[in-house]
Structures are given as structure tokens and as C-alpha cells.
Amino acid sequence: MGFVDLLQSIIPPALFFSAPLIFTALGGVFSERSGVINIGLEGLMVMGAFVGIVFNLAFADVFGAWTPWVSIIAAAIISAIFSLIHAVAAVSFRADQVVSGVAINFLALGLGVFLTKQWYGKGQTDMVSQQFFTRDIPLLSEIPIIGEIFFQGIYLSSYLAIVLAIVAWYVLYKTPFGLRLRSVGEHPMAADTNGISVYKMRYIAVILSGALGGLGGSVFALTIALNFSHATIVGQGFMSLAAVIFGKWHPLGAMGAALFFGFAQSLSVISGGVPVLEDVPQVFLLIAPYVLTILALAGFIGRAEAPRANGEPYIKGTR
Amino acid sequence: MDYVVEMLDIRKEFPGVVANDNITLQLKKGEIHALLGENGAGKSTLMNVLFGLYQPEKGEIRVNGKPVKITDPNIANELGIGMVHQHFMLVEPFTVTQNIILGSEPTRYGKINIRKAEREVQELSDRYGLRVDATAKISDISVGMQQRVEILKTLYRGAEVLIFDEPTAVLTPQEIVELMDIMRSLTAEGKSIILITHKLKEIMQIAERCTVIRKGEGIDTLDVAETSVTELASLMVGRNVSFKVEKEPAVPKETVLKIENLNVKDKRKVEMVKGMNLEVRAGEILGVAGVDGNGQSELIEAITGLQKSDAGKILLNDKDITNFSPRKVTESGVGHIPQDRHKYGLVLDYSVGENMVLQTYYKKPYSKYKTLNYNEIYKKAAELIEEYDVRTPSVYTSASSLSGGNQQKAIIGREVDRSPDLLIAAQPTRGLDVGAIEFIHNKLIEERDKGRAVLLISFELDEVLDLSDRIAVMFDGQNVAEVKPEETDENELGLLMAGSTKEKAGDQG
Amino acid sequence: MNTNRLFNILVPLISALIGLIAGALIMLGFGYNPIKGYAALWNGAFGDIYYFGETVRQVTPYIFTGLAVAFAFRSGLLNIGAEGQVIVGWLAAVWIGTTVEAPMIIHLPLAIIVAGLAGAIWGFIPGLLKATRGVHEVIVTIMLNYTALYSANAIVRNVLSDNEDKTPDVAGTASLASEWFQNMTYFSRMHYGIFIALFAAVIMWFIIERTTLGYELKSVGYNEHASKYAGMSVKRNIILSMVIAGAFAGLAGAMEGLGTFGYMSVQSGFNNLGFDGIAVALLGANTAIGVVLAAILFGSLKVGGLNMPTEAGVPTELVDIIIALIIFFVASGYIIRWAILRFKKEEK
Amino acid sequence: ACGGGDDSEGENADSESGSDSESNETTEASEESTDFSSAMVTDVGGVDDKSFNQSAWEGLQAWGEEHGLEEGEGFDYAQSNDDSDYQPNLNRLVREDFNMVFGIGYKLEDAISEVAGQYPDTNFAIVDSVVEGDNIASITFADHEGSFLAGVAAANKTNTDKIGFVGGTDSDLINKFESGFVAGAKTVNPDIEVEVQYAGAFDAPDDGKLIASNMYNNDIDIIYHASGATGNGVFAQAKDIKNNDAEREIWVIGVDRDQYEEGAIGDQNVTLTSMIKRVDNSVQQVSNMAMDGEFPGGEVLEFGVEDEGVGLADTNEEAYTDDIAQPVDEWKQKIIDGDVEVPQTHDELDEYLNSL
């Protein structure tokens, strides 16, 4: 297999694998930048996958080929509402945010499977008929080499993820909203004395993380799993959380980390056709993404500073 | 009425405490009005009420004669009230400009117009002579500049009334002088200022009027020109306070601490201590005077083992303790009252009792076979809080609920009680009221008289001059001069601290 | 102090109650009979001695993983990695149990100790990286979970068995299984591990509350700077905390490998003992006694929940929902405190 | 022949299991024609896994219907959410006095062996594994034989002479599928390349999709998966390719049950055929044997092509044309006649290939 062929067989899959992680990790970035730890990303993805699939199954006739897009929007909205639970606990009830995130994970899975059993009478839904499909990007896919690697057989949702990462960066670093959101995560009292409502910002951030986690989960479900069961989302949310930290709480960093995971995963699966890797026992390839991440963190990424007020409930009037 | 702000009969309660009880404060346009009171008297609370962070249970606030309800800081801002908080309200990873515009950002097409903001901030800074670098990161600038940023924040929002809560506690003498100038230029522009400070001299220097509160109650409002430091002090504490530290001449004995050609880098790998030499002897207090940032912190960290030194030697009782671990340094006989009591001095979530054995918990009688003996620990703690007058409901109370002064007393009790050969006291009275300061000063002198070596580091020249038997001036990481307190004055010290040589300073002084 | 202690007991109790009430409402909402549902749950957990034995069997590893999370928590570390530590502990226990030949008095303790050691090593890595390189323990433990899962599977398949899905059974000399318990409980898999688990809880209590080590660990958790100032080695304590936490989780693996199953099989995914441990620790307020009580609650819910579909037609997932709600309310303890205080006030 | 009726039957049973809870309450008293009862314990796949758990349950339901029994009384199942649930579930059913208890899936072999030892008076059966014991019947399927036929079908269908196999975990059980498949394909055409890859898990659709993407990229046009939910990813990838290029000939061969539905994309379908295991028949049969007092305790029952225990589905009539069905039937007959001995392990496969 030539090098270009190799890239062509690794990069598009890496992109589709990364996209759900990117969406969700961006959600994590918003939430944690505002000072709310979000261990519940996994649960938000579960909720997104559940809603995405159920909606898709229910409305495939109505929306036709647009169904997957409408489904992920529905998933984003419902997950955003679902994330309110975390927001209420973490912001208003001064809950330990880690605890409440864990509760989100349990709740989403329990609720998802419970409702699936109620509505479908079985533990998993049928497969959707309207999934996302890959396509060639017009014009761009004609570019020699680059086009083949990056623009042929690509999910639009993958590009949506990358675009959203850039948008998130712009919002967080260039707009008043972003400045305020970050200030709330660093020094809520300072923000408060500047007339910024800490609670409001944190609510918005958590809800955003719900919407993005919902997007991530539903995109995963509608590109890869195609149905919903207890095993649809297994650890992708935790990987997204890892991407948030790996990416140092920066939207582009988180995207980079998610792409790295996707690349490593893709490489480990596709290695069968790569001469050097052919003879490596499969287990080494399976654990490679995880071990590489640890090595990268230990070696050159090093200390990552979390937003200073991350995890601390803000109580007006204390010092 | 020519009052810009009137707070009438304000009452504010916290669960179990009446922080403000019928306090009245009236601020005239263009005046600097001091607010004086012991720790915990209710000053910050009163100002937080004015700034909209707390809602009073009772009372009325008027701005320019009109009654107002200030329910959150936004409203205070709109009414032209700005506050420079006791603990700075700055977002460290942000730049100066970002901090200033936060909450009222100038935008273009939804994007922050950062260029324009920087220009405005710089102009504003220049206008009031605040010398602030609009593009610098907060974490990279000095405490003094941080405070000027806080002032800019209020000015940027068009504040006409500025509240300063203990602004000088964290400043060096030079910075205090600058701040006074800034305040004067602000009032010259027609702005009014409420100033909270524990330093009576400052009030005498700059304020026109002064309101004194004690234990939550308003005592009196006086014209500063018609009062004296002693009167203010006794009004505030409710008894007479002696300001002059009473002490016998020192009887220095053998050398306890000897520092030779010490070099230390700070966390950012910048050399902060460069060939430092110093000697402290038993039975004396050596004061280190110097402007903040000249290597004092790194010097202490090196002695106490918190930071590695690159070159040179630290000898304690002739034993080389260079680069010992903190534990070994402590065991060799060093006590340390740290500069930042919240960061280093205490584990705030531990009880007062547990904090009392922070360095000795592993020793008999507090533990045996690595097992703690809480009876002994709390017994000891009870003794200490008694002896050092730490006001706490019990030894089981968590340290976080003590006031700053009492936290400091607890630390001092703990450090002194171990009877270390060398006691390092870094800013031991920062932010404390005169009563607590008096107590701590006496304790330090008592230790000296017991034959301990005391190394005092303070940015307050008064304190250094009053307490020290000898003064070393630290500048740019070196010991540039040693003087006797009775042979020098603030003026000469100030010049030395700014880098003049002894001869020159002596000539001028 | 007394009111605080009261709250520490009341909040989890009230949370558990609210969770159960919410579960009842959900059952009502979906047309099930909550009384029947809970009766099924109760019967499934304690209905007769067999179920009781099974509940104890489930409680055993929960105690360990709960301790593993709680212990790290006390020094300010979030151990998401109990999952992986359980797996390596399980693997190690079975490895020793199947390959070593020795009399029980040596074999069994050896297998248990090696399991603890394996878990400890799995905790050592994130501890070391946190202490020396400042790498966030959450991300390292997540990565190590997957590493453990895949590596263990490969070892089970290629080393401990001849390309099979499970290892052979551990030798009788390394088994925790108890004929006596089994006979008493109609062949439930309750095993001697429960005693080890309870003993471990006592150990945790002792370390945290009574030893200088515990004092240091908590101190580091609360305030690193002050701990350093006081002469404690922050690095050492961080590492030690993760090592001990890992050892607890490794022992949970030993319970599965030497007690419940007696072998290790290829795991298609995480068995959730570690993640459930987070919930157990949190409900137990990160104290040893709390962990034991919370493990009992969760163990009963899990085992009893299996009976709900059979006896009352209610999907087992309801139990997950109830557990989630309980955790949620425990987390929101502040609001419960507030409510209690209000209630008290009005009473007066 | 074996697939046609199967599909509709499957749907039927599906909707029935869908109303589990209601039927439980509404179907009051139906006459008790027998007091023999039979129940099963699922593995972690769950009773509605669209695979052999579901199939087994369908068989048990059919058996119950046959004898007019009521769910919960005469027949029932217990669902396992975790490996540690098998034993309590088996125990629970025994203690509820079911006479016959099935363990569905090789994962239950230890639990069955244990519990059967404890309760010698109850009849047990394990599906997909062999467990010794006088009161245990082992129900196995000749997966290799069915897979062999799948290989024959693939070899006859492929245009590129490159086909692929995706396995769940690299275990003896799945090796059986692989060996049969490779043998079948190479028997038809020794030059066919068969690429084999294991995902390492049965619940990793993302890996399944990655593998499939890579295989289809490398000119492979038919993938046989024996990988549970991981196979969902294989279907997802095949359908995606089909969606982009309706002309491209690309196929998936399903496993365990007819996966025709999974292959639907618009009015096309990528499921060539599926290797079906009639777990339902076996469960029904064994229950009846036990009821009639002919419980095959201690025996190993192998359901092979002969008794329609395994076979290929022919639902996709457009793709699974006669020129495929014909050779498949021929080879099926040869297996039945004992003309070929289908290899079950890698070693046997090597031997077999050498003998070709």
C-alpha cells in the first residue's frame, strides 16, 4: 500500500471517528471554562444518541433525507434540556460537580434503556433507515492527493465538527460572551463585581455542553451505531473528557486531541495493511491510542492548568 | 445637601452576627473619607452593602440626595460607585485591558474591539498617572500595578465615588506614596473616596474626615484636622493603645543563621537572589527592609527549604542546611510565620487543633507508632489558643472560620511554641488591626529576649524600624546595606531600598 | 459539629428516600404497581437466604471500589481508574490462582496480595505522573482503564488460556469460595471476601482518621502549599494515595477472580464495578463507614433489581434511574440541608 | 429454503415479545395442559438482541404456545446485565421450580455447570457450548458448516475475488466461523483472497465500521461478519458506500439470524444472505424432549445443516440468485452426505486447504 493510499484509508475514518468526540469535547470546554466540571459528558452523549435514534425512527417519513440533520438538532435540544439537571445541581444547589456528573451518566443510560423498553418493548431499537452518508465535497475533492485524502468520502458532520471548533474558539476568545464565560470560570467573584451574572453564565455553559454532547452522541449513533442500546455509547464521553484536558481546555486543542484519538484508533484498526505494523500483536495496536496519550501527556504536553474556579460552586458573598 | 453618598442607619446581619448595626456614613463630594475599625468591625460589610454585594436588613442609601436600592454591582456601577476590593478582583490569566473592560466590552460586529479598548485604557491610565501596561497579563505584573488596574476598572466605568478597602496593606512604601498621589489627583477631578485602612498615619496624611466603627456600631465621625492618632486609636479599640514598641536593648549572642553568597531562582527560573550574605544572631531581631520583589520571598523559601538554591550556603548554628527539605529545616530549629497565611500557613479545612500540630503531628506525644493521639493534640491546641488569645469557639472549629487576625495569632502560637532557634516572620502583621499588631510585636520581642534569633521581613518601614535591632536592606537580590535603626530613618531606608549606596544615602539623609 | 454530623447522616438517608419515592412515581407514571415493584426488589435482594447471599456477594466488590474512590478523594484525587485497577487485580489474582501451586495458607494470601499489588501499580502510574509531571489524574486513569481492559483480554486469551475466552478455574487452594456459606445460602456465591472487605474498610478508617499518614494525605488534599510548608512530601503523598486506592480496587478484582467467578473471562466491556464505586464513595461521603453502608444499598438495589422484570414486569433499568437520582440528591446536599433548616425553623 | 419462512416468523415473535408486560397481565387463565415448565437465562446480550437470545426466547414462546402455557408460569426468561448475573438468574429460575432451564450462550457454561451440580433434579441445557453433567444437555451448532456455505455463496458472488471476514473476538468459537468460511470460499475458488480481521469486541460498531471501510477500500466486495453489534458498523459502512455509488456491488453476509433488515438502503439491500442458527428450534425441541421424559442429559446435540440447525437465508432474492443458491445447495448436500469434513479450527483449516 502506497503512502497516499495509506493516508486515504486512515484519514477519512479518523475524521468520522473523531467528529462525535470533537462535538462533545467542545461541550466540555464550554462547561469547564465556566467553572463547571463535566464528568457527565458520557451521559449527555447517551441522551443524544437515544434521542437522535428515536427521533430518526419516528420522523424518517416526514423529513426524508433531511432526517439525520433534523434528528441531531432534536438530540441537541433534548440533551440541552437534560443537562439542565446538571446545571441546577452544580450551579444552584451547589452540588459537588463530579458527583452530579456521575449521576448524569447513570441517569441517561437508565432512562434511555428504560424508555427504549417502554416504547419498543425490547432493549434496543431498530436500525434507522435515514443515516448520515459520506460524500465527496464538490471541487475540493478534485484536488490531487489532498482532495483524495480530505475531501472524498467524508461525512459533512465531520466538517461541521471542525467548523464548530473554530466557531467555539472565536466565541470564547473574541467575543464579550466568551470573555465573560471564561472570567466566570477563573474568578467568579471578580466577574460578579463587574456585574456579570455568574449563575446565568454557568447555566448557559452547561446547557451548551448538553447541546454539544447531544450532537456528539447523535452523530455517533447516526453515522456508526445506527441504533440505540445500552452499548451504543461506551466510553466515548470519557474519551471526550480526556480530549478536553489533553487539549488544555482550549477548543482547538480539544479538537486536536480528538483528532489524535481518531487517528490512533484508525491506525490501530487499519494497521493490518501497513507493512511495518502487520506483525505487531493486535493488543499493542488496541492499546496504542491510550498509551500514546499517556506518553504524550507525560512527555511533552505536561501540566495543564484547569480553569481556576473549575469545580467550585459560586456562593455569592463569600470570599 | 452636598453629600454624594449617604448611608443612613444601615443594619446588616449574618447568621449569628450583626455585622453592621445602625451605621451612618455620609460622604461629601470631593473628599477622602476614612473608615476605621478593628478587624471584624464591619467595614468591608458596610462597603459591600454600598456596592450592592449584600442587601441591608435596614437603613437607607442615598446617592446625590436621592434614595436608591442597590441590589447588585451593576446598579452600583450605574450610580457611579466603584470599589477596589480588599482581595483583588482580577482574573489572572487575562490581560489588564480584558480585566478592565470585562462586563462592558466595546464591540464591533459582535467581536470585542480589543485595539480600541487598549487605547482607551492606556489613555485613562495616562490621564490619572496610573502607569499601567494595558497589554500585560495580570499574573505578570506587580501587586501595585494590579491595584492600579483595580482603580482603572472603576474609572473606566465612570465611577464618581471610589471605595478603597485596605488598599495599602499589600503595597510597598513607595507604592503607598504613589497611591496617595493618585487619590489626590482623583479628588482634584471631583471624585469622592471612601478609604478603609488600619494605618492611622495614612488617615492623618490624606483624609479629610474619618468615621470610626466598633463591633458593628458607628462610633463617631471626626474632622481629621481636629483629631490625633491616639484619639482615633482609642475610639476604635475602646481603650488606650501604645504605639511605641517597648523593648530593652538587644543582647546578641552567637550566630544562629549565616547565609553566604546565596543564589536562588524563582519558579519562572529568574535569578531573584544573587549572592546574598546575611547573619542573624541569637537574641536579636534582624529586620530585612526592601521593596517587594527584590528577592525576599525567594530568600525565605530557600532558607525554609521550599525552594532550591543554586549556589551558596545556608548555615544554621554552623550546620549546613542548604537545600534541606522543609521537614529537615524545621527539625533543625527553624520556625516560619509565612507571608501568605491562607496559602501556606494553614490548612483551612482542618480544625484549629489539627492546624496547631502541622509540623509536629508525627512526633510524640501527638502520635505514637504513626498513630495520632487526638487527646494530646487538642490538649496542646487548647493551651495554645489560651496563651495566644486566639478567639475561636473551640479547638474543633475549622480554621477557615477564624478572622485573619486570629488565624495569624494561631500560626504565631504554633511557630513560637516549638521554640525554634531561628524564627522567620514574614509580614507578620499584614492586614491586622492595631490591637493584634501590638500583641504580635510583643510576642516577637519576647522571643528575642528568650535568646532566639528572629528574622523579620516586612514591607512596612515603621514595623522594621520599631522592632529590629539591626536592619539589612535588600535590593536586587543582595544585602546592600546594614544599618542600626537608631542611626537611620525612613528617608534613608527608602533611598537604600531604591538602590542608592549607603554613602550616597547617608549624604542625603 | 453535632449538627454537621447529623446532616452527614440525614442527607444520604433523605436522598435515598427521595430516590426511592421518585422511582415509585416513575413506576406509577408508566403504569406499573410500585408496591409490587419494590416488593419484587426487596424479595430479589433479601427475599430469602439465597438472595441475601447474592446481595452480600455483590456488596463485597462494591465496598472495595467504593474505598478505592473514597480514599483517593480524601487527598483531593479523582480516581476514575478503579475500573482498570479492578481488571488488573482480577487478572493478577487469577494468574496466581491458576499457575502457582502451594498450600492454601500461602496460595490464597499470595493471590490476594498480588492482586492488591497489581491494582497498586495501576494506581501508581497516574499518581506518579500527577506528582512529577502534573498530568491530570482523570485523563491518565481513563486511558489506563482501556489499557487494562485490552491487555487483560489479550493475556487471558493468549497466556492464561489457549486461545479461549476464559482462564481455567483457580486452584481450590486459592479460592475464596466458601462451602459453608454456599450451603447456608442455597448455593449463592457469597464468599469469604466480605470479611476482607469489611476489614479493608476498617483499615481505611484507621489510616485516614488515626494515622499520621492519613493526616498528611488529607492535608495534601486540602492544601498542597501548606502541606509542603509543613514538611510533608506532596509528591509522595499523592503517589501513596493513588497506590493505596489502586490496591483497594485491585482487591475488588481479587474478590471477583477468587470468589465470585473463580476465573477470569475475556471482558467485552467494562464491568462497571469501578464506575459504580464512584457512586458508592460519594453516597458514603468518602468515609469508610459510609462506603460500607452505601455498598450495601447499591448491592441490594443491583441484585434485587434483577428480580423486578420477572416478578413485577418492571425493567431493571429502573434501578439505574433510582441510583442516579439518589446520587443526584446526595450531591445536592446543600438544598436538603437548607430544606431541613427551614423545616426546623417553622417548627419552632 | 430455510430463510423464507424464518423472517416472517421472526417478526411475529418480535411483536409478541414487544408486549411482554401486557400479555403478562391480560392473558389470565389459559388451561393448564401440563405442569411441566421451562425457562431460560440470557447472556448480557439481552432477550431482544436480534440474535440467539432473541431466537431462543422465540423458541421458548413457541413451545409455550404449543402447550398453552402462560408466560411467567409455564415458561419465562431472566435477563443478565452482567457476567456476574448468570448464576443468580439460573438459581432464581430453579428455585421458582422450573423443570428445565436453558443457559443461552457459551458465557454461561461455568454458571450452568455449577448450578446443575447443585440441583441435580432440574434439567439444564446450554446453548453454544459443551458442559459435562448428567442433567445437562449441550446444544451446539455446526457454525463451521453454515459458515462454509456462506463462503461458497461469497465465492460465487464476488467480482473481485477478494472477500473479508470480520470477527468479534479472536476465540475458538469465532475461529470456527472463520475456518468454515475460508474453507468454503477456497473450495469454490482457491485463488480467492480472504482477509480476516478481528475487532476484539462484539460491541464496537465504530471498529467494525473502520475495518469494513478499510476492506471495501481494498477491493473487497463481500464481508461476512461474526461479530454481534460490531457488525452494525460493517452494515453502516456498506450502506454508506452503496448510497454514494448505487452501482457498486458490495455485500455483507449477516450472522445468527436473518439480517436482511439491517442491509436495507433505499430500495436496495446490501445483505447478500445470513448464516442463520435456529436456536429457536433447538430450544423448542429440547423442551419437548424433556417434557416427554426423553431429556438428553449428558449428551451433546449438534444442530447442523442436516436438520436445518444452521443454514443460509435467501431473503434477498435479487442478490441471492439461483446461480448462488444452486452451488450452496450442492455443497450442503455434500456436507450432509459426509463428502466434506468442514474444518473447525485454524489447524484443521490449514490441513483442509493443503488437501485441496
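The chains carry the letters A, B, C and D, assigned in the order they are written, with residues numbered from 1 in each.
In this text, a contact is a pair of C-beta atoms (placed from the backbone, for glycine too) under 8 Å apart; a residue touches a chain by one contact, two chains touch by 3 or more.
As the structure is a computational prediction, the values presented were derived from the model and not from experiment.
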Chain labels contacting chain A and also chain D: C
Leading chain pair when contacts are tallied as C-beta pairs: A-C
Relative to chain D, chain with the most remote C-alpha centre: B
Length of the line joining the C-alpha centres of chain A and chain C, rounded to whole Å: 28
Where chain B and chain D are represented by their mean Cα positions, the distance between them in whole Å: 76
Length of the line joining the C-alpha centres of chain A and chain B, rounded to whole Å: 46
Centre-to-centre distance between chain D and chain C (centres being mean Cα positions), rounded to whole Å: 36
Junction residues of chain C - those touching two or more other chains: 150, 153, 269
Chain D: positions in contact with at least two other chains: 20, 170, 200, 203
Residues of chain B engaged with two or more neighbouring chains: none
Every chain pair meeting the contact rule: A-B, A-C, A-D, B-C, C-D
Complex interface listing, chain D residues touching chain C: 20-21, 24-25, 44, 72, 76, 78-79, 81-85, 87-89, 91-92, 95-96, 106-107, 110, 114-115, 118-119, 169-173, 175, 200-203
Touching residues (chain side chain A, partner chain B) in the complex: 174-176, 179-180, 182-183, 186-187, 189-196, 308, 316-317, 319
Chain B residues within the chain A interface of the complex: 48, 51, 53-54, 72-74, 77, 83, 85, 87-94, 98-99, 101-105, 107, 110-112, 153
In the complex with chain B, residue positions of chain C that touch it: 1, 210-215, 218-219, 222-223, 225-233
Footprint of chain A on chain C - complex, ascending: 30, 78, 80, 125, 129, 133-136, 138-140, 142-147, 150-151, 153-154, 269-270, 275, 278-279, 282, 315, 317-321, 323-325, 327-328, 330-335
